Amino acid sequence: MASKVIKGGTVVTADLTYKADVKVEDGKIVEIGPDLSGDTVLDASGCYVMPGGIDPHVHLEMPFMGTYSTDDFESGTRAGLAGGTTMVVDFCLPAPGQSLLEALTMWDNKSTRANCDYSFHMAITWWGEQVFNEMETVVRDKGINTFKHFMAYKGALMVQDDEMYASFQRCAELGAMPLVHAENGDVVADLSARLLAEGNNGPEAHAYSRPPQVEGEATNRAIMIADMAGVPLYVVHTSCEESHEAIRRARQQGKRVYGEPLIQHLTLDDSEYFNKDWDHAARRVMSPPFRNKQHQDSLWAGLASGSLQVVATDHCAFTTEQKRTGLGDFTKIPNGTGGLEDRMPMLWSNGVATGRLTMNEFVAVTSTNIAKILNIYPRKGAILVGADADIVVWDPAKEKTISAASQQSSIDYNVFEGKHVTGLPRFTLTRGEVAIDDGAVKTREGHGQFVAREPYQAVGRALSTWKELTAPRKVERSGIPQSGV
Amino acid sequence: MASKVIKGGTVVTADLTYKADVKVEDGKIVEIGPDLSGDTVLDASGCYVMPGGIDPHVHLEMPFMGTYSTDDFESGTRAGLAGGTTMVVDFCLPAPGQSLLEALTMWDNKSTRANCDYSFHMAITWWGEQVFNEMETVVRDKGINTFKHFMAYKGALMVQDDEMYASFQRCAELGAMPLVHAENGDVVADLSARLLAEGNNGPEAHAYSRPPQVEGEATNRAIMIADMAGVPLYVVHTSCEESHEAIRRARQQGKRVYGEPLIQHLTLDDSEYFNKDWDHAARRVMSPPFRNKQHQDSLWAGLASGSLQVVATDHCAFTTEQKRTGLGDFTKIPNGTGGLEDRMPMLWSNGVATGRLTMNEFVAVTSTNIAKILNIYPRKGAILVGADADIVVWDPAKEKTISAASQQSSIDYNVFEGKHVTGLPRFTLTRGEVAIDDGAVKTREGHGQFVAREPYQAVGRALSTWKELTAPRKVERSGIPQSGV
Amino acid sequence: MASKVIKGGTVVTADLTYKADVKVEDGKIVEIGPDLSGDTVLDASGCYVMPGGIDPHVHLEMPFMGTYSTDDFESGTRAGLAGGTTMVVDFCLPAPGQSLLEALTMWDNKSTRANCDYSFHMAITWWGEQVFNEMETVVRDKGINTFKHFMAYKGALMVQDDEMYASFQRCAELGAMPLVHAENGDVVADLSARLLAEGNNGPEAHAYSRPPQVEGEATNRAIMIADMAGVPLYVVHTSCEESHEAIRRARQQGKRVYGEPLIQHLTLDDSEYFNKDWDHAARRVMSPPFRNKQHQDSLWAGLASGSLQVVATDHCAFTTEQKRTGLGDFTKIPNGTGGLEDRMPMLWSNGVATGRLTMNEFVAVTSTNIAKILNIYPRKGAILVGADADIVVWDPAKEKTISAASQQSSIDYNVFEGKHVTGLPRFTLTRGEVAIDDGAVKTREGHGQFVAREPYQAVGRALSTWKELTAPRKVERSGIPQSGV
Amino acid sequence: MASKVIKGGTVVTADLTYKADVKVEDGKIVEIGPDLSGDTVLDASGCYVMPGGIDPHVHLEMPFMGTYSTDDFESGTRAGLAGGTTMVVDFCLPAPGQSLLEALTMWDNKSTRANCDYSFHMAITWWGEQVFNEMETVVRDKGINTFKHFMAYKGALMVQDDEMYASFQRCAELGAMPLVHAENGDVVADLSARLLAEGNNGPEAHAYSRPPQVEGEATNRAIMIADMAGVPLYVVHTSCEESHEAIRRARQQGKRVYGEPLIQHLTLDDSEYFNKDWDHAARRVMSPPFRNKQHQDSLWAGLASGSLQVVATDHCAFTTEQKRTGLGDFTKIPNGTGGLEDRMPMLWSNGVATGRLTMNEFVAVTSTNIAKILNIYPRKGAILVGADADIVVWDPAKEKTISAASQQSSIDYNVFEGKHVTGLPRFTLTRGEVAIDDGAVKTREGHGQFVAREPYQAVGRALSTWKELTAPRKVERSGIPQSGV
């Protein structure tokens, strides 16, 4: 394969900022330094050369009520690359009772058209001996070290506390990490029914049905269960202060917990649901819903201080047509918004440009932190010799106004419509191939490969050591019982 | 009925301290002032004349595994009176599937021998239309305005989140207040099984099986559910910082939540479970278990600052013989300790004498606060004309060393054995009758009466107003859906 | 003196709500009960009979830059009575170097025209042996048990940490309680100068110059110093979450700290300073300045949960003319707003009517709590036989729109202008005299008397006991030093 | 210069763990990879090859009461190298009134004998135009980007709030960062005098004189001042929960604050001061003093969660003879303990070996984090090509029992005496020279060089951007004042 040199840029990683050229060959970074030459030169002058983004939370072609979310692995990864994201992690969702391995086959089939690398989290949607056993296969043979648990979606994906506790313990044994969608499903279900019964059937009722404390409670519960099981925990789509508070409090006690705000929650607020246009509001329906500005401030501070580690999207794109399924009944509006294409420009514009985050922190929360957490660092998330050449050449002066009219995503709207961003990819490389070339989309369908991930990440191992050291010890007694008073 | 005058003492209430005589007739306080005379004079010189204690958390003659807790309404209330407590509130526990009203009849039968007044909390141990309907009868006709929910004791008393949410909403409608035993029953059950499987079968494993965060989690969950239901919440036996933190955090947000530390958790710690004598440890088995000194400090500070409101006992006395049921399997050790007789002297000695609490605060947390919360103030919990003459004449100089040998309780040990207390009743009056007369026990079996309690306490009513005011409102839209992007 | 009977109303106190008539004679409550008769009858039907309000924080005829605040003891107390307030506590402010006793004489002279009872806090504005000695006289002979300390107003009233620590220790010895105006005066002074230098000279810059964290810091500092000195602390005009957080955190540790939000901070926000009308903004200039809605929510929750105890006004009324002294230089705008007349109606309308507070809590925070804290309970703050007949007969249906045009205060505007309130006094009695009679003002100049306050309040005494018990103990060593390594 | 290869080890950095050889030449790392060769081979089999430790808080040959702390730049850096530390940062302490530049010359002279690289923090011990001006020279010409402020040591090094605020603002302008020794000096001074007056003159009284809240208060105050000045803050020797809480709370708000626990506070507790041997206790006298186990837990959790970033020593070694200056008066005991030699083995044994920290976190908190904070990364704190060859080859199996008898430090005792550690340097390299060779000390006096540090670290720059963006804006008004009411 011919070599490429990214020339004249400033390398920016999670902890370094320095001038250097980067040479790429056979999909890998092969040299970093001054004055490199290669077959092709990519002009990075005025640009930052950063690890490509990793979005650890997407749902592409997700089955939903007899249809599928509209962005599939092709359009979804194309959108991601257009925005500087070079890897996505999707969720394999077995139906209740279904074999994990069987479900995985279905997901493998869907992902063949991916334009960039990807991986899977496995969801635990039911519990039984088969699941217990297959978890081992999933970890040892299938390259998956993370298991997702839904504390909401009662009657569908939701698991009970005893199932979570059993699954988390199983994760601990296998060196895997549990993830949670944290909302109290019982309360959401009952409250939704009550709202509907009261005639509150519009999209705003979706937000009413899952207020912040419902998320905070579930987060707090999952944290306790994870600590009792002796395993780190990753909380997906942390949207509010209540959930963030639970995470902070846990970390303050030395617990190993991670939180993942979405770019939507960082930049959009709940006033969207009060829009008089039903479509406008319904298109923003996701779980958790958008929150107010105080919650946004909390999330931004979490990224700066390190109590939150990752910015994701929960990209799950439904068309307006699909959204309209919920006309007259908000509980039938498919949950999900887009974001893959906009995550990095929106975060840069609202974070780095304002001074809320340094450039290094930007790289950390869009790429490097999650690569470490998922145990794929430094293959991913790094600009290092030997790493995969998943690289974004970021032009801090390039600007645009976000619009559905010009997006890669297959849906007919964009929740960030009209937002002006400054800071966009000049080039995006996926394993050395130029997928985005100064605005031109040159993605190659099927180029993406599955990224296997090893268990026993360092933090989990350390936690196991500590839990073993501090495990309860039996009091040795003789002649039991002894005596009175 | 002949009159009595309590003479020469200092009246101490939750907010007043002043010299006055107190005259009692027909079971009521009829006059308070200087130089009163009556048929009988009780010499209160050097003493504080205080509202008799109310213990809102006792289990007398509680059914358990085919037997009963050993202190019944006779011995239990006798023990209470000996320690200055003049009213107890027991828990009516319907079996799963049993009618609430039928269970109440059983409890009514047991309580006929009580030496002092009493009331009942009704437990919600299962859920269904019958329970929903009977709750109304219980509140309107049976004088009960509190419903207890067990978040632990899986497979027995435990209720699920959706049941709690339904029941809490029902409480809100009826002007009643939910109570919770807050421990995550799923985690406790699984962990207990695991400990047993590992050979951890001694009484200390009981403590291992329900660490503080398991209580904190459940407290936090119950608080969220209560707030969503729009009803105040009372958390029984708050034993640890984790649970107290959840309560504080809720109150800090304006939520109406109460916490009840037990005298045991305030003064005894978890080192008791490491005693080499199995009996010693097993006698202290209760849920939640004793905690360490940091948790004690948290509870004391809560009483001083008002984030915790009530000191109770969860008196549920099992003999050593009964405790030994759990030899070789800690999960079979009956849960419960005594305390009714010792609550007030122990709190006085460790609280007032040390300066951690004022005398007024002592009255508040042993009597007046719970009378208000239970909506029986000022009939109970007050030294006011017209109030029931439930009075303790407290001699701050009287001392003793607590010992099973000299106690009223029917069991053969005392968890406070050997503790020296200063501050004891000179007289205890129950509705005007002298039950304790300078050490002599003159209780009268069957004197005690049921105290009916009205719903719609002021705090609950205020909360309902606020919840109504801030309820979610539907967005009115025309021509739905409107248009694009 | 002829007797009066307040007839047909519902007595509402900090802990009771009951139907009763109240009979008044010689300035005292002489009887409470059904069917009372007297020389005069005041019709309280449909009304609540409550303890008159106590405003513990006013500045009447306060010397300022060669002039005086416009409301004096006559107009100020008249305004108070019109709003249901029957006692005020003013601050005696010695000039630096001035004798405390000499200053007190000046304040005594000013207060002779008061229409209702009053008392004084003494300010410690400098430190020296004379102050140290006179503090004893002030406490023992002058009936003052509270000492105010300004942590702001650098170069004028401000004291340094070492002076505060010395003064707080002196308070502990004397059984008195320190008060603090908590803002970091060094930061305020420097920041004010910087803002002015940058051309930020309008009234909004007053708010910029003392942001919440400047108040929170000082509160936190004063709390530490008080705890080290072993004395309770009262924080005046707690306006923000930062300060409230410091108070909560202290209380959570068992420290004895009180916080006093003002009615202004509870109901008005900082958007007032952005009004394009300079007068409008300048009239709202006070320290601390108004805060945003999140801070308001924090204060309301504090009142409901008990982490804040008292609602005051810091009434210090300057005319528009006086305010205009600060045209072109915000630091010259006299600090202060009115509020005495509006505190109780505004709190009722925004608190009780909304369900944020119960009626009993309303009485507690407007009257009873501060009476206890200042050690004048139950002479003041109570509806009890023997208490001063400082009573407000509150008509919850009476309404008005607040307007300068109809107010008692001498100034030409009102910061609550246009607010509609429901709930107003039908009658206000000051020591038995009807001062407000269904809208008619019948105050009598000079009727008010000084209320002497005893030291050694119960909470302070308890704290001293605890501090003594836990004081550091010397390690006894022999043969010092002993040996190596 | 001949090349060296560190062979067969596992490179461990703050974010990577991988097998590789490391080649060193001319004091720099020149190659990292498999199968390297060089003139000399250092066998790293079974070892971790890590960045040498950086201790950012030492006082070598510090002037004190007419004498000097006993470890100078020679023995101090020798001790550091023996323990794996390859760089120290000392504090240049101008006398009040002394020129910063003049003081720096004195420190330059003392440091000539250093065995490893070093840098200086400049202390601001007084304030004036000269200091203001010289700060610029210090930053621009002298390679110093950090300024230390003492909030304690009243009458000596202590600065007032207004001076701190001025200095912090100056730091913001210059792109420098302030450091604080956070204890309320006024309280410490007064309390010390009071303790002495009460006969509390032993070393334990040193601990009594500076309880945790005295440190917490000062930390909180410094944080507020730094935020108002718009500059990041570094809190040295964070010893307790109170200080850590203030830091956490600040970070939770998005403030840029760093905390530095010492290895002593992490592993030794306050029971040491109650030792009956005066020498034993006096040798442990430092400020802040050792704290109890709860505080230790807080600090460990802070390192794991990232709310604390750096482990240092405050190494300031005084002999027993020097300590005895304080016989009969604890305030005269020179403050300080050793630690340079033991920091890394103690942290490894108590942190990594227990599972409280991962190896990567160990590197982060002993080296990489502070290198970033001080803006010398990746020259220091990294295993990267081009970085200084400050390397420790860490043998996790090597063990010893710490003892004064075998230490490098010049003093006659060791506060860690008797502690058994597992994990020690096999080799320590300072800029490529082997200073420690499997136990043999081969340091070279004078080898160490001053490390100049650039201002405008990335985090500070981001903060400046944010502060500028959110700076208060003047309200534009016309026709001031406008009109009425």
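Lettered A, B, C and D in written order, each chain numbered from 1.
Criterion: contacts are C-beta pairs under 8 Å (C-beta built on N, C-alpha and C of every residue); 3 or more make two chains touch, one makes a residue touch a chain.
Only a predicted model underlies this, so the values are computations on that prediction, with no experimental measurement involved.
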item: Matching chain pair for A-D (criterion: over half of the contact pairs shared, by residue number), options C-D, A-B or B-C; value: B-C
item: Same-site or different-site touching of subunit B by its copy subunit C, using the half cut; value: same
item: Where subunit B and subunit D are represented by their mean Cα positions, the distance between them in whole Å; value: 51
item: Mean-CA-position distance for subunit C and subunit B (Å); value: 37
item: Distance from subunit D to subunit C - Cα centre to Cα centre, in angstrom; value: 46
item: Multi-chain contact residues (two or more partners), subunit A; value: none
item: Contacting chain pairs - touch in the sense defined above; value: A-B, A-D, B-C, C-D
item: Subunit A-touching residues of subunit D, taken from the complex the two chains share; value: 14-17, 248, 251-254, 256, 297, 300-302, 304-307, 352, 354-360, 368, 372, 377-378, 458-459, 461-469
item: Contacting residues of subunit A [partner subunit B, same complex]; value: 160-162, 165-166, 184, 186-187, 189-191, 195, 199-202, 204-205, 208, 211, 213-214, 216-217, 220-221, 224-225, 227-228, 245, 249, 273-274, 276-282, 320, 324, 327, 404, 412-414, 417, 472, 474-475, 477-478, 480-485
